[in-house]
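Two complexes are shown next, each including chain A; its partner changes from chain B in the first to chain C in the second.
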Partner chain A sequence: MIAQVLISGVLSGALYAMVALGLALIYGVMRVINIAHGPLLMLGAYTTYFLYSRAGMNPFLTVPVAMAVLFVVGLLLQRTLVFRVVDAPELSSLLLTFGISIALVNLAQLAFTSDLRAVEFITGAWVVGGLALSKPRFIAFLFAAAVTTLAFLFLKFTRLGKAIRATSQSREVALVCGINVARIHLLTFGLASALAAGGGALLAVIVAIQPEMGGVWTFKSFLVIVLGGAGNYPGALFGGLLLGLVEQLASLFLTTQLSEVVAYLLLVVVLIVRPTGLLGGRST
Partner chain B sequence: MKRKTLGLWALAGAMALLCVPADAQGPIRIGASLSLTGTYAKLGKNQHEGYQLCIKDLNAKGGVLGRKLEFVVYDDQSTPATAVRLYEKLITEDKVDGVMGPYSSPVSEAAANVTEKYKKIMVAPLAATTSIFRKGRKYIFMVISPAEGYLEGVVDMAAKRGLKTVAVVNEDTLFSKAAAAGAVELAKKKGMQVVFSEAYPKGNTDFSALLTKIKAANPDVVVAGTYFDDAVALTRQMKELNVNPKMYGVTVGGDLPQFYDTLKQNAEYIYGATQWEPTLPYPGNQEFFETYKKDFGHEPSYHSAAGYAGCLIYGEAVKRANSLDADKVREQLLKLETKTIFGDYKVDQDGFQLAHKMVTFQWQGEKKATVWPDELAQAKPRYPTPPWTQR
Partner chain C sequence: MTLTRGPVLAVLALAVVALCVYPAFGTGYGVRSTLQIFMWIALAGSWNLISGLTGYVSFGHVAFFGIGAYAGAILITAAGWSWPIAALGGGVAACVLALVIGYPCLRLKGPYFAISMLGLNEVLRALVSYFEGLTGGGNGLSLPTLDATRSIYYVMGALAVAVTAVTYLIITSRFGLRLMTIREDEIAAEAMGIDTFRHKLVAFLISALGPGIAGALTARDQGYIEPISVFPLAITVTMIVMVLFGGKGTVWGPVLGAIALFVIQEIVWARYPYVHPLLFGAIIVAVVLAMPRGVLGLLQLKYRLPRTI
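Right, the complex of A and B next:
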């Protein structure tokens, strides 16, 4: 029973990590807490839904498409709105992204209606020795792991990735070194939106899609990056897996209702005991 | 001089016209808040359409008390707190002539506090929780069968087939909790053993751990007090975790055509409870079904029918009372015994529904087949439910 729950925890944890990495990027680079992260994920899920239901695309192949589409949406948001609050107090960015989030959810309700949609593509499980491995969740896990790995490689080894990390460490020094900070901000927001969209596209195969599905993901991503250490990118990975496991174990040993309570209690404890997150704050 | 007087008279006349109380000739305005967005949007919309069709039909017959009817509807986003605010607004600001209930038990429970405060009759067609009507409230009336009876059919059929163990789960909200409690009580009464019982929070999407525990308890029957989203998620994950009860029943949501559209063949064999089916032999039911389909472009659910019937019942009581006065209408609603397209209506002194009956169906070959109670059954249940791996 524990093995089964551990599997579920790791499967959902990888998704948490991928989505939260986007939030961590934006926070790390711009010090902006992006409340609209969840709604961007929702848009990614709808992209997958429409490509699947209208164009008959394999939902897993829509992941890069959804990411590309939301990359552009992210660029536009940054270019038109978010860049204005980068240097403003954090409350401004909270309010702005909160507004964007409400606007996105309601626009989605208008455009797509609040009907529940589902991508019924691969269902069921591989049953191995009493353990069930959910097919859609496992494939989503593989994709999430791959995308997250690529994102890390990108950050670690490419010039652009290094520039993003440099900006995250010190904007002034990056500026002095000749990095176009505004452009890095733009790219970061696009990249983060793409990560959210990737999460949404994968979720589309797992849960039902509706305009309000994103909200809970904003909070979960937030939880993940605080657990892992805000602005610390490997921390997002660690926090994601931790959250997945904690939620599952809490629902196993306590009740499903208490699992969120436990997750948020953990957040409070971490904030008191180690306010910079379990893996430390922004890595320098 | 004369001309001036005439002008004054005309002015006075115009003012008098304006001052005539609006209710003497304007339409009767009925207020309601409905879940047009949010978790219950799907179901709330159907109820809304039921209301719309009801006043269309009533108006076609000349309205009530010689006046046309119209609805003033707001969206409560499926949250009780919003509904409370909206009913306050409807009654105190919009000054509607009457109100109808919102969607769902939790929202009706909250709204009832407002309607009682202002002594407004509220026929609450989609409130199925017994406790709402057992709090000494005077002006709220029930149309559908209580939540406790939703899973009665599944439990009864299971007991008749000699099944011994049952797992009960529910969303932790008023209605689902009552449905689950009713199932637990009935199962015990029938000598079955409740091997697992747990609630999950509203909006929960991950049932892995919950289902893992159920799998370990290995019950013959799984019944779930659900709404739509969770019924879908729970079913999908049952397949993902290969949980194989011999019977599996859900409550609300499972009866919507969208349930099958979403889950496709995975919805087969699932039992659901319904307050109403278009095929049931109630007077006018067939025409209602046809008109509804024509007007709204999709089939009605029981939420549509209950909304329609609840509104008709309110209209009938107003007619009989020959007044909109709350106490006079109340007297008529307490006395009324009628059969609508939704089935029987008769309430006790608390406004609690006594006469209406539930039916249980099973998804069989893309269709809902009524399988319980025996006297209304159209088909035999396909039993037992085969394991997911063998479908």
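Right, the complex of A and C next:
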């Protein structure tokens, strides 16, 4: 039973880590918490749904397409709206991205209606040694792990990735080193939106899609960042896995209904005990 | 043009008298709409107390409204309290919740508070569904039949006046100045010796009281509550839009925003129900970028009105 929970926890944890990495990047680089992160994930899920139902694409192959589409959406949002509040007080950036999030959810409601949609591509489970491995969740896990690995390699080894990390360490020093900070901001927002969209595309195969599905993901991504430590990008991996495990344990010992309550309690406890994250990280 | 105190007070007194006698003449629809406006003034004014004054954005203020509604309804049905006392109980319940959330989250700077409030709503909804025995779960909770709309009209009106008066008292006090110092520069505020945590927490507790009472009153007035009717994100969004539109951090901004948006909503947007939440999102974006001080801010600039209104 415990082994089953561990597996389920790791499977959903990888998705959490991937989506949260996007939020962590924007926060690290621009000090902006993007409330619209969840709704961007929702748009990614719809991209997959339409490519699957209208064009008959294999939903797993739509992941890069959804990421590319939302990369562009992210660039546009940053270029037109978000760049104006990067240096403004926190109140402005929170409210602005909140407004964007409300607008996106309601646009989706107008355009796609609030009907539940599902991508029924692959169902069932593999049974390995008495343990059930849900097929869609396992494949989604592989994709999430691959995308997250690629994102980390990009951040670690490429010039652009290094420029992003430099900007998040110190914008002034990055500027002095000749990094075009405004372009890095643009790129970061696009990349973060793409990560959210990738999460949404994978989620589309697992759960039902509807315009309000994203809201809880903004919160969960933030929780993952807090667990791992704000500004500590590998911390997102740790936080994602931890959240996945805690939620699965909660639904085993309590009920599924209360797993969100447990996640919330986790946030409150961490904020009391170790606000800089369980792994440590940049202090607030 | 500068306003003098006398005429302003005269107009206000006249408005109060008119609203007091209105239920004797008004139609049922008119009284109900005015009651709703009172509620929105109280809600928007309360959101303004924490977010407009300290700059700590509360994305979950509807949680206080909802918990007030449930506490009030349970006190009326299970404990048999009369509704005015139960309404106070709703306010107390909201304050207790604010203490529980504010204590860990307001000690920290940055977005922790905002996001914690964002998640709070879902948690309360889940808890209400879980404790079915007490709350009725998804089936909701019915209150005994009682036509008290007229009495609730006066109590809600008094609540709206009280929230606005408290806002005025705070903004013109040293306590309010300290809150606004936290908003402008929290580190500087600390360096000046302000106990920022305690100030934020007190402001947050006061800002939870009004929505708690308003929630209990609304529960009594409607006679039936369920999780989706008292915990919708839309209530938080509406509070935020009203305050931003009217002018955050001011006394009259929330009042102005509540009246203006409620009237617009009733007259125009009720015909296009799907477009109107979209417009709310657009209004937030537009106000943040183009007129951060809201309509009242524009009026203050144009007519040289005092900053403390």
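The rule is short, and it goes like this: the second predicted complex is superposed on the first by the 281 of 284 C-alpha atoms of A that agree within 3 Å, B and C clash if a C-alpha of one lies under 4 Å from a C-alpha of the other, contacts with A are read in each partner's own complex, and residues count from 1 in each chain.
By definition in this document, a residue touches a chain if its C-beta (ideal position, glycine included) is under 8 Å from a C-beta of that chain, and two chains touch if they have at least 3 such contacts.
Everything quoted here is computed from the prediction, not taken from an experiment.
Undergrad: Based on the superposed arrangement around chain A, label chain B with chain C as either clash or fit.
TA: The answer is clash.
Undergrad: Return first, second, both or neither, reflecting whether A:Val207 touches chain B, chain C, both chains, or no partner chain.
TA: It touches chain B, and chain C stays clear.
Undergrad: Looking at the overlay, does A:Ile33 come into contact with chain B only (first), chain C only (second), both, or neither?
TA: After superposition on chain A, A:Ile33 lies in contact with chain C alone.
Undergrad: Figure out whether A:Ile102 sits in contact with chain B (first) or chain C (second), or with both, or with neither.
TA: In the superposed model, A:Ile102 contacts chain C only, not chain B.
Undergrad: What is the contact status of A:Ala118 with respect to chain B (first) and chain C (second): first, second, both, or neither?
TA: Touch status of A:Ala118: first partner only.
Undergrad: Kindly classify A:Pro275 by the partners it touches after superposition: chain B alone (first), chain C alone (second), both, or neither?
TA: It touches chain C, and chain B stays clear.
Undergrad: Report for A:Ser53: first if it touches chain B alone, second if chain C alone, otherwise both or neither.
TA: So A:Ser53 meets neither chain B nor chain C here.
Undergrad: Please indicate which partner A:Gln169 is in contact with in the superposed arrangement: first for chain B, second for chain C, both, or neither.
TA: Neither: A:Gln169 stays clear of chain B and chain C.
Undergrad: Is A:Thr255 in contact with chain B, with chain C, with both, or with neither (first, second, both, neither)?
TA: Once the two structures are laid over each other on A, A:Thr255 reaches both partners.
Undergrad: Counting only touches as set out at the top, which of chain B and chain C does A:Val85 meet: first, second, both, neither?
TA: Second partner only, chain C.
Undergrad: Would you find which stretch of chain C runs into chain B in the superposed arrangement, from 40-48, 148-156, 220-228 or 292-300?
TA: The stretch that clashes with chain B is 220-228.
Undergrad: Under the contact rule defined above, give the chain A residues that sit at the interface with chain B and also at the interface with chain C.
TA: In the superposed arrangement, which is not itself an observed complex, chain A uses residues 109, 216, 255, 257, 260 for both chain B and chain C.
Undergrad: Please output the residues of chain A touching chain C within their complex, sorted ascending.
TA: Those in contact with chain C are residues 27, 33, 35, 81, 84-85, 89-92, 94-96, 98-107, 109-110, 215-216, 218-219, 222-223, 226, 255, 257-258, 260-261, 263-264, 267-268, 271-272, 275, 284.
Undergrad: Can you tell me which positions in chain A touch chain B when the two form their complex?
TA: Spelled out, the residues of chain A in touch with chain B are 1, 4-5, 8, 12, 109, 114-118, 120, 123-125, 127, 132, 134-137, 206-208, 210, 212, 216, 247-252, 255-257, 259-260.
Undergrad: Going by the contact rule set out above, which residues of chain B touch chain A in the complex?
TA: That would be residues 36-39, 41-42, 172, 198-201, 203-210, 212-213, 215-216, 228-229, 232-233, 236-237, 239-242, 258, 262-264, 266, 388-389 of chain B.
Undergrad: Touching chain A in the complex: which residues of chain C?
TA: 51, 55, 57, 59, 101, 104-105, 107-112, 114-116, 118-120, 122-123, 126-127, 129-130, 183, 233, 237, 240, 244, 274-275, 277-278, 280-285, 288-289, 292
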